[in-house]
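After this come two complexes, each holding chain A, first together with chain B and then together with chain C.
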Partner chain A sequence: MGLLVSLAIRNLGRNRRRTLLTALTVALGTALLTMALAMLNGIFDSTIERGAGMVGHVRVVNPEYARREQLMPLSDNLPDPAPLVAAIQGQPHVLGVFPHIAMGVTAARDDQEIGEIFALLHGAPAAYYTDVLHLDKQLAAGTMPSTDKEALFGIALLEELGAKVGDKVVLLGQTQDGSPGRARLEVVGAVDLGNRMQNRQVWASLAKVQYVADLDVGATELLVQVDDYQEARAIAADLRQLPALQSLDVHAWDERAPFDAAGALIGTIRGIAASLIVFITGLGVLNTMFMSVLERTGEIGVMRAFGLRRWQTVGLFFVEAIAIAAIGGLAGVALGSPVVLFLHRVGIPLGEGASKLPAALPINQTIYPVLTPQILLTGFTLGLTMALVGGLLPAWRAAGIEPVEAMRHRR
Partner chain B sequence: MICELVDVTKEYPMGELKVVALAGVSVGVDAGEFTVFAGPSGSGKSTALNLIGCLDRPSSGKVLLDGKDVATLADEALGAVRARRIGFIFQSFNLIPVLTAAENVDLALRLAGDTENRAARVEKALVDVGLQDYLHRRPSQLSGGQQQRVAIARALVKKPAIIIADEPTANLDSTNGEAILELMREMNERDGVTFLFSTHDPMVMSRARRVVKLKDGHVVGDERRA
Partner chain C sequence: MTQLFTLFFVFVSHAFAITVDEVLIHVDQNLTYETRESNLTMTVVKAGRTKSYTMHSYGRGQDEMAMEYLSPERDKGTKMLKKKDELWMWMPDIEKTQKISGHMLRQGLMGSDMSYEDLMESSSWRTKYTGVITSEPMLDGHKVWAIELKAKDSTVAYPKRLIWVDQTSFIPVKQELYALSGMLLKTWVMTDIKPIEGKQFPTKMIVEDKVQQGSRTEITFDKVTFKVALPEEVFTTRWLER
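Let's turn to the complex of A and B:
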């Protein structure tokens, strides 16, 4: 093995320009891969994590509500959530439990007639708005509500209404039995979530929305926040075992639409992007390694004549490929990381299209790539894979060289 | 007898035709011989050398090395026989360009799995061919004659049963060619090293103690000299 390593390292220096070119190919591929993975990670972190928080890392609802949830049926509610909250609170990994109501309403400024401006009205404890949604950090104007008569409005909705902070807005919806329900709320804060669909929502107190929906102390769902959203499935499974929750629907964010599909989709996109980059870079390595094998056919033949085994021949070229990959991979990580860190600071605008996605799958108009040690390791490992993919065929070809053929080639 | 071809035929496919390089050749080499396979291009001398060197397999017949038929051995076993029992000297020297003279010689020992006292044996082999001052030079820093001396040291260092030299002086000028031949002859006479050459150079033939003449794949003469 020592012989192979020593020979391989020396062979790298015999055509420095080609070695550098191959290492550069791997470096660029690795850098590209690091950036692509960091970008996907950014989408996942900034968008999916926030989305998962919005819909509850774990959600507890009436099973009937879960079945018809697209209709947001207020009648299939949790009439007395307090004992459920008490049962969930204090379980391992649980950070908070928030009763929540979401309902469709029409909106109008109080000096206008109710028209056809639709909005999504939320009712939840103030802590949910600050600790989970961080709406206090996304205020474009005004302040957080302090009474039941005040609410936050998305800037797109305010724009459509022609309203501003300080105005009063009338919301009209249906109670759980289908009767009209009405609220008159003062706009105390304008929220900009960076997504047009999300900016067409209203965030009011839980008590006010319970009143509008005629739910007394009830809620349509309990949104559970946990310490690691990626572990939500396991936590949901544990919560399902609680006696108080056994008749209810308890599921993690990624077990429910739209995230059940989104997780798999992102995994697939990540896999395709990585495979394409590995394949294309592998072709570059393949090309130069093949040239190297062709140039050294006679030399390989001589070594085979002196007893070099086939596996040793494969090993020789593999060690060369790995050495190139290690150099290229490290350079690629060093090249890609500053770019990712820069983009993390300035963000990448995705354009208007992103803002038209449904509020349930909120993609920000600007994404911020996120670099993690895992991505660096993946980038480097895939850099090695590129070289191995590219080195495999030439090494195989070299191992197939018969000494006597090589002797003829040499002449 | 160290090695022997017994009724060996070797055919090469060429398109739909078959070219017969050797046609039922039987010839053997004893220990301590200094033998030349001579003949014009296409006579079959290189093919015979390749077969004895275990670099190729016959289409039919036997290749005996120390009395054992090596023609039927698997690739790996044949490689092991080459590594331990046969030394090669090539027309184009064929040194590994990234290794020094000493490392090139050492490579033969390492590939043979012969690890005992390597450094001293490598040095002795290079001293024996007069290259004591060139141990750490790379092939590109050596003349053609010096490179061929390294190749001889590489072939000798593992003390093979036979050294096969395919036109070893063809790429050298006459002075260097004669010096190389003289060196090999000296090793043959002093240490009893067995040499088997191929050549069509009359000067090389004149130095041999036995000349086996080949023509069109047949042995047409076998002359021994005192």
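Let's turn to the complex of A and C:
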């Protein structure tokens, strides 16, 4: 074994250029893999974080509202959310608490019949629209509302109404008792979320929608933003212990539809994307190792002619491959990690196009790659595995050929 | 088989001393009017919550109806105007007269079990339905005709009605309203029948939406006057905005 190791080290040094090129390929492959996986992590985390933020990292509702939530039952509301907001606001990890109302309405321009065009009307504090939904960055025209008589309208809804910024639109829904809830709002901003369904919404002040729904100071839900959305379940569990919240439904984003069911699906998509990256990068390393050993078939024939057994020949290439993969892998991790860490700090701007993506699949305009120990391990292990497979397969094959036949490869 | 059914229905429709048409003529005489002015109270019970509205209403023939909400405070001043197949609404806080159409017409009138479409429908059944008297049972101590009405065309809100008409007052004291699928949508009970200016008139109606369980609407006519002289302006959009 000692002989094989010393032979392998000598072989590595004998053709330094080849060794360096092979190790460099492994290093580059590992570095690229590390960066690509970190980037993928960043995209998925950003999408989930933003989606979770839109529905509230933690949400507090009347249990009956949670049970019938598809019907958006206004009558199952939180009649006095102020003490609840105060109780939640001071808790660890809580960044903000936003009372929110969503209700279905029909819309019409002043001079139109009402009853045929539908929209989803939101009422929430202005900070929710800017800090959580980032609607100020999704404006296709106009500005953010500054009074209760103004609202943001989705561009698909405006198109259907034939309305534009500056027009007044009548909204007619039902109050919590079923009587007509109405508002006449000026369109001050047109919002483009990149998705026709999402662009059929209206965002008005909380006070205005409380009036339309006849909820006085109430809201249908409290949306809680926390500092780490991945810890939302634990934070929700802590919030449930608060005396003021014990009779209410308090759940994290990933405990509620659609994220509870979508979690496995997102994991699968993430796995498939990661596998593709691993496969493509691995193929590059495999190919380089394969070629590097294949060109030494003649050399293998000579070694076999000198009496080296087949397993010893393969063992020699095994040690060489391990050495190249270890050096290349470590170099790749050392090369890729600082780049990822730097990009994590400064972010990668995706440009204006990202803001036009559907809000149902919200991706931030800046992606921050996320490096995890698993990614480092995956990068290193992949480099090592591909180097071993790429080295051993041709070596095993070449060592099986008659030495005379193998030596002909030299010419 | 078809012939057997035809024979059965011919037999059934001739087995009673009065025909469906005759019953419906009497019903129409009671429930339709030339002009009407009334004060109403509508109480809606839904999901354990009760809300009451008081209204002042005017009617002329089968096609014109105007209504103003007097309470509660939030809805005070809301006015509705029905003219043939059109419904207009004035909402004071948005200061606009808005024509109501489509989906909105199927919503409950002020959240009640009566839809805007119910309000729009002409009260004359004879023009819209054909029927057959199926039996003469007793209902709450009164002899009634049980009649099955089927719509002549698809423009009506309820393709099938089962009605029980009191044989003394000619008032449909109970109705069951069905969808085309045969699903029971609403029940409508008329009580407290009083003679008013030569008509028998139900001064209380109870409507229950059978799709929304636990929902119930009671309409009480506090004051009804027929054959009143109504100013022409009442049935115009000008009146809504006045």
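Definition applied: the second predicted complex is superposed on the first by the 223 of 411 C-alpha atoms of A that agree within 3 Å, B and C clash if a C-alpha of one lies under 4 Å from a C-alpha of the other, contacts with A are read in each partner's own complex, and residues count from 1 in each chain.
Everything that follows uses one rule, which is that a residue touches a chain if its C-beta (ideal position, glycine included) is under 8 Å from a C-beta of that chain, and two chains touch if they have at least 3 such contacts.
None of these values were measured; they are calculated from a predicted model.
Undergrad: Can A:Glu299 be said to touch chain B (first), chain C (second), both, or neither?
TA: In the superposed model, A:Glu299 contacts chain B only, not chain C.
Undergrad: Touch check for A:Asn287: first (chain B), second (chain C), both, or neither?
TA: neither
Undergrad: Quick check on the superposed pair: does A:Arg309 touch chain B, chain C, both, or neither? Answer first, second, both or neither.
TA: First partner only, chain B.
Undergrad: A:Gln230 contacts which: chain B (first), chain C (second), both, neither?
TA: After superposing on A, A:Gln230 lies clear of both chain B and chain C.
Undergrad: Just to be sure I read the superposition right, which of the two partners does A:Asp110 touch: chain B = first, chain C = second, or both, or neither?
TA: Only chain C is touched by A:Asp110; chain B is not.
Undergrad: Which residues form the common part of the chain A surface touched by chain B and by chain C?
TA: Of chain A, no residue contacts chain B in one complex and chain C in the other.
Undergrad: Residue numbers of chain C touching chain A in their complex, please.
TA: 44, 46-47, 49, 51, 53, 74-75, 78, 89, 91, 93-96, 98-105, 107-108, 110-112
Undergrad: Which stretch or stretches of chain B touch chain A in the complex?
TA: Interface residues on chain B, with respect to chain A: 50, 53, 55-56, 75-76, 79-80, 82-84, 88, 90-92, 94, 96-99, 107-108, 110-112, 154, 166.
Undergrad: Can you list the chain A residues touching chain B in their complex?
TA: For this pair, the touching residues of chain A are 3, 7, 10-11, 13-14, 298-299, 302-310, 402-404, 407, 410-411.
Undergrad: Which stretch or stretches of chain A touch chain C in the complex?
TA: 75, 106, 108, 110, 113-116, 118, 170, 172, 174-175, 177-180, 182-184, 214
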